[in-house]
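Common to both upcoming complexes is chain A, partnered first by chain B, then by chain C.
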Partner chain A sequence: MIMLYFLLLPLIAVFIAPLLTPKRATYLSSAAFIIPFFSILYCIFKGNGCPSEIHIMNFSAPIGEIYLNFDFISHAFGLTICAVSAMVALFALPYMKHRFEEMKRNVKSEFRKYIFLYDLYAVSMLWLVYSGNLILLYIFLELTLITAFLLIYSYGYGNRKWVGLLYLIWCAVAGVLTLAGFIIIALDPLNNTLALKGITTVGMLAWAFIFVGMLIELPVLGPHVWLPWAHAEAPTPVSALLSPLTVGLAGYVLLRIALIDYSFITTYRMPILAYAIFSSIYAGFSVFTQTDFKRLLAYSTVSQMGYILVALCLGPFGLIGLVIQYMSHAFGKSILFSSAGGIIAVHHGLRDINKMGGLHDSIPTISNAAVVGFLNLGGILTIGMLGEFFILRGVVDTFGVNTMSLAIILPVIFMFMLSVWYGFYTIRKVFYGKPKDTKRLEISRYFYVPLFIIGILSVLLLFPPLSTALIPGLKAVIWTFMGVGGVMP
Partner chain B sequence: MNYEWIIFLLLFLAPVVSSIPIALTYKSKEWTEKLPYLSVFGIFVSVLMSLYIFFSFPENLPACRFSYSWIPGTGIDIVLITDYLSRYMGVITAVIAFFIAVYGLDYMRGDYRPSWYWFFFNLFTASMLLVVYSDNLFLLFVGWEGLGAASWGLIGHWFRDDDEIAYVGVPKRKVGPLELSWPPSFGGWRAISTIRFGDVPMFFAIAAIWVFAGNLNISEIEWGTLFVTIGYAGTIILLLCFLIGLFTKSAQVPFSEWLMTAMTGPTTVSALLHSATMVAAGAFVFIKLTWYIEPWELAHIPVPGLEHVYIFVLFVGLISGLYGALSGSGMLERKVLLAASTMSSIGLMFAAAAASFWVGHFALLVAFWYMAVHAFAKASLFLVSGHLIHATHSRFLCGGLEFGKRMKTPFIVTIIATTFLVGIPPLTAYWVKSGMDEVMEHLIHPLGLIPLILLILTSLVYAGIMAKFLSLNFIKGEKPHHEHVEGGGLMKLGYLMMVSVLIYILFYLVLFRKEEIPHEFISAGGLLTSFGVGIAILACYCIALYKPRISALSKLGTFFNDRMYLPFVNDYILPKTGFFVSHLVQDYGNRGIDGFFNTKVMPGLFERISKGIRTIQTGYLTNYVKIVLGLVMIFLVIASIGGMWI
Partner chain C sequence: MELAMAMMLGALAILTLGSIFSFKYRQFGFYAAIVALVIGLAACPGRSLYYGVFIFAIGIINLVSLNAIKSEIKGVDYGLVGLMALATMYIINTSDLAMVLAALVLVSVPTYILVMIREGGANVEVGIKYITFMVFATVLFLIGAIILAYTKSLPDAGLLYVLGYVMLVLGLSLEVGVAPLHEWVPDVFTSADPIPISIIASLAKIVPFIAALWILIYTANSLTASITIFTAVLAAISMFTGNIGALTSKEHARVLAYSTVANMGYVLTCIVVVPVVVVIEQGLVVIKPEFIYLALAGGLLLLFANAAGKIGFFNAIKGEGAYSPLMYMLAFSFIGVPPLMGFWGKLFILLSLVEVGYIWLVALLVINSAISIPYYVRLASELGIGWKANLTNFICLAVVVITLITVVPPDWFLRGMEVLAQTISIVI
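Moving on to the complex of A and B:
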């Protein structure tokens, strides 16, 4: 029960923070996510000592029981969301002030609106991953959509109103399709409920609706066109939640559905996998030609989301890979978007990569943070390594090692290479080379300390004791659902 | 936790932890001048620990394997091993890193970002030690990625690209469409992109081993059973994937280009990473793997494909050896010449280790001891050339006899290091090289004369380029434009210590005849053929010393200097193809989809439909009446047709 109170903390902060000064509101919001972060960490170490669910209320069929689900999958996602939200909130303090001044608005009153939306946005993602009922999950999904839309609409860059609407429409379509899928599940006489633990089967039609909806949200090649607009034009703290956390939640929804009924994936494995790999490689190539730093990062997100979809197709080990890939991408991309934001704030709106180069001299800390971010994306020395390893294992588990399976193995290998290639290519282009100005700028600590905290967390998660506690727990949950080899300790 | 783990923790963590303070105080000039001593001390702790492991930890299985749970129930564990290879290689790594770090105190003084340098230098040392001691393939790969990241950081250390002295190649020299000159930031990017090309397949191979062997510990896996399980194609795919990782890291053909441009990094980095340890890590892991695969033991059970893989490695190694030596023969840049020769040496290590398939255990020892000798000799040479670059402000070979007399210590060190390395009897490398000759002679029966011929050719050219290095730096080179011969005490100390180890190894090999060192080295050195090859090497060395440049062959030299135009693959064909695809994707794909959904087609369609609907809303009653009447008419028509139908 105590877990529930910890989760309520950020929800309370949503309403208190707007009453405070910007600095205090920021600290409150950050603390409201850090405390649940540690409680989740405690639960991960405690293992089965923590309650696995908390009942809230019962509805009549076909909605069923509403409860909060506390398994390791939710914990892994929740941990990520708390860490990133808390740190980005800190980063946003100087950034949003700067943004409001740039927009010639009253900083104090705008900050109230902003922090309300920001907290609500983050907390709805947190609650989404703990929702034990699909309808609750859907509500939070729409809540993230609306809050993010309002944030883009009010504080974005460029043609922000158009971009905001674009984002709203795409994600509304995604949401409606998903809802349709959920309703079909609920009306299935075998289920007659939307409580996750009560659902026993997901029909092909329901799967198809949810799948297509979540492909738009994820997004993969085709529907991906909304993402570069939204990520590039959103105010950077919003980009730093939107890309790392929100879009990946589509992966979370797919994972939850896949754990209930994996048959859709096994039936259409090859086309989905081929599409996912193609999409990831396609987006990876798109990165090289971008000239806007935030747009570049947005394409990299599309590429990384391809990994998630690939992981979804690869059996139990792939599903562990999916969770870790989400975490690793979230850490990496939040660092990267924040460093892009740092450049914007420090260098007066600089976003054009062709005008960058040698920035390491003026902002070494941000540059180093970006390196850690790209290490996360590439899975080098961070938790992303485990993600890649599990995905590769999933490939071998599913297809074996022979001349036929090379058709899958080689593209997957190439897909993983691309992220490091574009990552370090970008680093060189943005931060290294002949500097235009060798003067080191004095910048606010908020711009880099939170990023390094995320970075350190992502490295620590690779090593004992964190991974020792987390991964076996994830494995146990997924193994139970997938019914492989009995329950792991 | 017992004391062994405390030793291991100190071994791996001391370098990393001791470099954190300097990384944090990057802003303060005062601190960044003092704290390098702490970083060096951290490496010194590693040296002590590696020596302690060498002298007091068990050597034989299973006592030499130490295991600690990492991710329970998966096989991913922290497993360290102190077998023959690891204990020696650990000491070699730590000692070389320490000597170079001492040298670096002088060499890097006054640099513009010491925090970055020391942090990555120490991270590198820790990663390399991890690769050396780990038995678990996943743990090994963690260290392996650490090597890659540290290598990137250190090569691109002088990221400003503003000092010509840090470039590779002659600036503005164009061959065809390509400018053959590379700045440090490019060197870093090229290193990590090449290494990544090998790392992912290797990671995949590790995952496949995990699935089929159910275990990730090199010394525990039943390799023979594994290969039989996955069959011919499986074995070849698996091992090739694994080997690409090793070949890219060790800069074997055709992945050698990154090593040449890695010379844009500080010389200490070239000495530690790009000659003694990191590039040798590929060969080391191959030796370690073969040590436990024991392919010569697998002859009685048919293991399909294994022989083909070993033939492949043998020839990649030999060809890289010859390619590196030939390329080096045309080079005039101090460090790039040494880089090419390093690549050549590592090729020979691979070849010798691969020969173990037919020859047995002895070939692995030959490869390993050649690695050890090479590491100390080549690191000394790199350190010397670093000092020379400081002294002459030129990265090209220059310096006459007069200059040599003023720079006595580096002169003597170069003489010792080159002669001890190329295989002149009876100096250190001669005994190991004789072993290598003998190994290749054994291959005449299964594979013919080619391996032996390639080896001897490589050795001769190699002797030539080493002599050329000596001659053009100290004897017959042009007079340097700038001479700054004073100072550099710590630098001299660094390479003096380094080169003295070669003499120690000579006595260790020949005089003490310790049991761990195979006496075959001595008997091989006594053979007439080996002696003949040794004399031929000496002759080559002397000729090149006397005539380091042959003007008649200058065209051929330019061809070799341009690495036989291999840069065109890396810098022209690959990026052109890549950017072609990415422009295709961006200019047509993304723009097309964006235009369809977001900006043109769909919005246009909506606009047209809504305009169409809005044209009705004119406000004139007659219009509405017309529409209603029209609808009624249509209804009546349908109804009457329907009525007739029924």
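Moving on to the complex of A and C:
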């Protein structure tokens, strides 16, 4: 029950923070996510000692029991959401003040609205991953959509209203398709419920609806048209949640459905895998053609979401890879979007990477943080390394070691290498090379300290005791759902 | 039941007295209407209490909103709205066809007068147009209902049943503004004063649907399932016509008019569901209440959400804007964002449609929900202003509270409708 109270904290902060001054509101919001972060960490270490679910209410069929689900998968996602939301909240304090001044608005009153929406946005994601009923999950999915839309619509850049609507319409279509899939699940006589623990089968039609909906939400190549606009034109703290946390939640939904019934993936494994790899590589190459730093990061997100889809196809090991990939991408991309925000704030709206170069000389702290961000994306010395390991293990486990599996392994390895490639390309282009301005600038600590904290966490998660507590827990859950017998490796 | 009937008659008497005395003391009509609604609510049995509370709330807000307009029949207008609300409360509890049709007329006729209300005179031109359509609609509905009731006594209804069904559905469509019979809606909504239109677009929409549902369930036979495709096509046309019309309109009242056309299309899908779930078992007509209650709950929640939204937006038009967050909340409820009321309405309707195999209609409803997003957001954005402590904002706040009630997942409403659906099936 104590976990419920911890999850209620950020929800309470949603309503209290707008009553405070910007600084206090920021500290409260950040603390409201840090406390559940430590409680989740405690549960990860304690393992089975923590409750696995909390009952909320019983709804008539076919909706069924509404409860909170506290397994290791939810904890892994929850931990990431808490860490990133808490740190980005701190980063946003000077950034949003700067943005409100730029928009010639009253800082104090706008901050109240902003912090309310920000907290509601982050808390919706947190509750989404603990939802034990698909209808509850859908409610929080839509809440994240609406709050993000309002933030883009109110405080974004460029043609923010158009971009906001673009985002809203695409994601609403994704949401309703997913809802249609949920409804079909609910009305299956074998289920007659939307409670995760009560669902025994997911028909092909339901899977198809959910899959297409979540492909738009992820997104992969094709339905990705909304993403570069939304991520580039959103106010940077929103980009720093939207790209790292929100889009990957589509992967979470697919994972939950796959754990119930993996037949759709088994049936269509090869076309999905081919599409996912192509999407990731294509988007990875698209990164090189971008001149707007935030847009570049957005294309990197499309590429990284290809990893998630690849991982989904690769059996139990791939599913572990999916969870870890979500975490590593979230840590990396939140650092990178915040770095982009730092550059925008310090260098008066600078986003064109052709006008950047040598920024390490003027803002070394942000530059160093960005390097850690790209290490996460590239899977170098951070938790991303484990993600890539499990994805490769999934390829071997699914296809064996033979000539056929090489046809999968090589493109997957190339996909990983491409992230490292565009990562170092961007670092060189933005932070190194011939400096345009060598003057070292004084910048607020809020612009880099939260980034380093996320970076340190991403490194710590690679090593024991964190990795040795988290990964066996994830295995236990996934192995149980997938019906994998024998000793857990 | 007799006590409830006596209470309703008492409420009607109070309304009448209030309207008479309001010629001398104008506020009399207002207080009399409130007292009548309280009595009406007290007369609601337990199974329809939640429904009664919603109608009570919508009725009271409609009454209060009338204070925003200086009409020449001040006092009587309260009585007319009170009468509509009482009839709406009553219809869900009656099992008598004559009373169902009487309730329909009692809700329809007051709107003929209300639509003409405007400051400093009467809007006769709009009134004539509206009344012409409404009289035609009511006549179609009544004849359709009577034909359907008559077919119940026939061993082989055949073509007569189809004729009755089509007339009833066309009458309903004309009455509430379902496309392609929506001709009057954009013109009347844009020409009349926003306050009476907020009542016509909210309270007046509920009874025709309940009456149609009741009659169709009551008269259902083996032909029903094959003819529902007619209603399904009408619903689909209405959704698209409404949403495309709203997307391409600029005037706020016109956008809301087309939004009504689209919303009535959504609600019409309930009519598609209910008769389909009538099945023949061992020669007997059996109603499957597990499907009906979903459709009934969905349809009613959608009608309440539509009522709340229309009251809020039309009052905002009258007051030249309302508090921005309130406008957005209403827009999101219309779009169907959870956990607002519009979402639950659509969800329950979708569930019932999937149950009866109308997957293509589910897909169209979902697509239409998505394409409605831009105009609702635009409406909220253009009508949204800063906070002022005025009547418009208090009304908008009240209707937003209504849409927020479903933050508590409305299983309570669903269970109420389940009991009600069982009662209907027992009666039949």
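Throughout what follows, the second predicted complex is superposed on the first by the 485 of 489 C-alpha atoms of A that agree within 3 Å, B and C clash if a C-alpha of one lies under 4 Å from a C-alpha of the other, contacts with A are read in each partner's own complex, and residues count from 1 in each chain.
The working rule: a residue touches a chain if its C-beta (ideal position, glycine included) is under 8 Å from a C-beta of that chain, and two chains touch if they have at least 3 such contacts.
Keep in mind that what you see is a predicted model, and the values were worked out from it rather than measured.
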TODO: Superpose on chain A as described above, then tell me if chain B and chain C fit or clash.
DONE: fit
Open item on the list: So in the superposed three-chain picture, is A:146 touching just chain B, just chain C, both, or none of them (first/second/both/neither)?
Closed with: second
Task: Touching partner for A:60 - first (chain B), second (chain C), both, neither - done: second
TODO: Could you look at A:138 and tell me whether it touches chain B, chain C, both or neither (first, second, both, neither)?
DONE: second
Task: First, second, both or neither for A:192, with chain B first and chain C second - done: neither
TODO: With chain A at the apex, figure out the C-alpha centre angle toward chain B and chain C and round it to a multiple of 10 degrees.
DONE: 160
Task: Comparing the two partners chain B and chain C, which touches a greater set of residues in chain A - done: B
- [ ] Look at A:444 in the shared chain and tell me whether it touches chain B only, chain C only, both, or neither; answer first, second, both or neither.
- [x] neither
Open item on the list: Taking the superposition on A as described, I'd like to know which of chain B and chain C A:398 touches: first, second, both or neither.
Closed with: neither
- [ ] Look at A:480 in the shared chain and tell me whether it touches chain B only, chain C only, both, or neither; answer first, second, both or neither.
- [x] neither
Open item on the list: Once both structures are overlaid on their shared chain, how near does any Cα of chain B get to a Cα of chain C? Whole angstrom is fine.
Closed with: 5
- [ ] Name, in rising order, each residue of chain A that touches chain C in their complex.
- [x] 57-60, 62-63, 66, 135, 138-139, 142-143, 145-146, 150, 153, 161, 165, 168-169, 172-173, 176-177, 179-180, 183-184, 186-187
TODO: Spell out the residues on chain A that touch chain B in their complex, using ranges where they run on.
DONE: 166, 222-226, 228-229, 282, 285-290, 358, 360-361, 364, 375, 378, 380-381, 385, 388-389, 392-393, 395-397, 400-403, 406, 409, 412-414, 416-417, 420-421, 424-425, 427-428, 431-435, 438, 462-464, 467-468, 471-472, 475, 488-489
Open item on the list: Taking the touch rule as given, give the residues of chain C at its contact with chain A in the complex, in rising order.
Closed with: 328, 332, 335-339, 343, 347, 350-351, 354-355, 362-363, 366, 369-371, 373-374, 377, 381, 409, 411, 414-415, 418
- [ ] Using the touch rule from the top, collect the residues of chain B that touch chain A in their complex.
- [x] 26, 68-74, 76, 78, 113, 138, 141-142, 145-146, 148-149, 152, 156, 159-162, 183, 185-186, 188-189, 192-193, 196-197, 200-201, 203-204, 206-208, 210-212, 230-231, 233-234, 237-238, 241, 578-579, 581-583, 585-587, 589-590, 593-594, 597-598
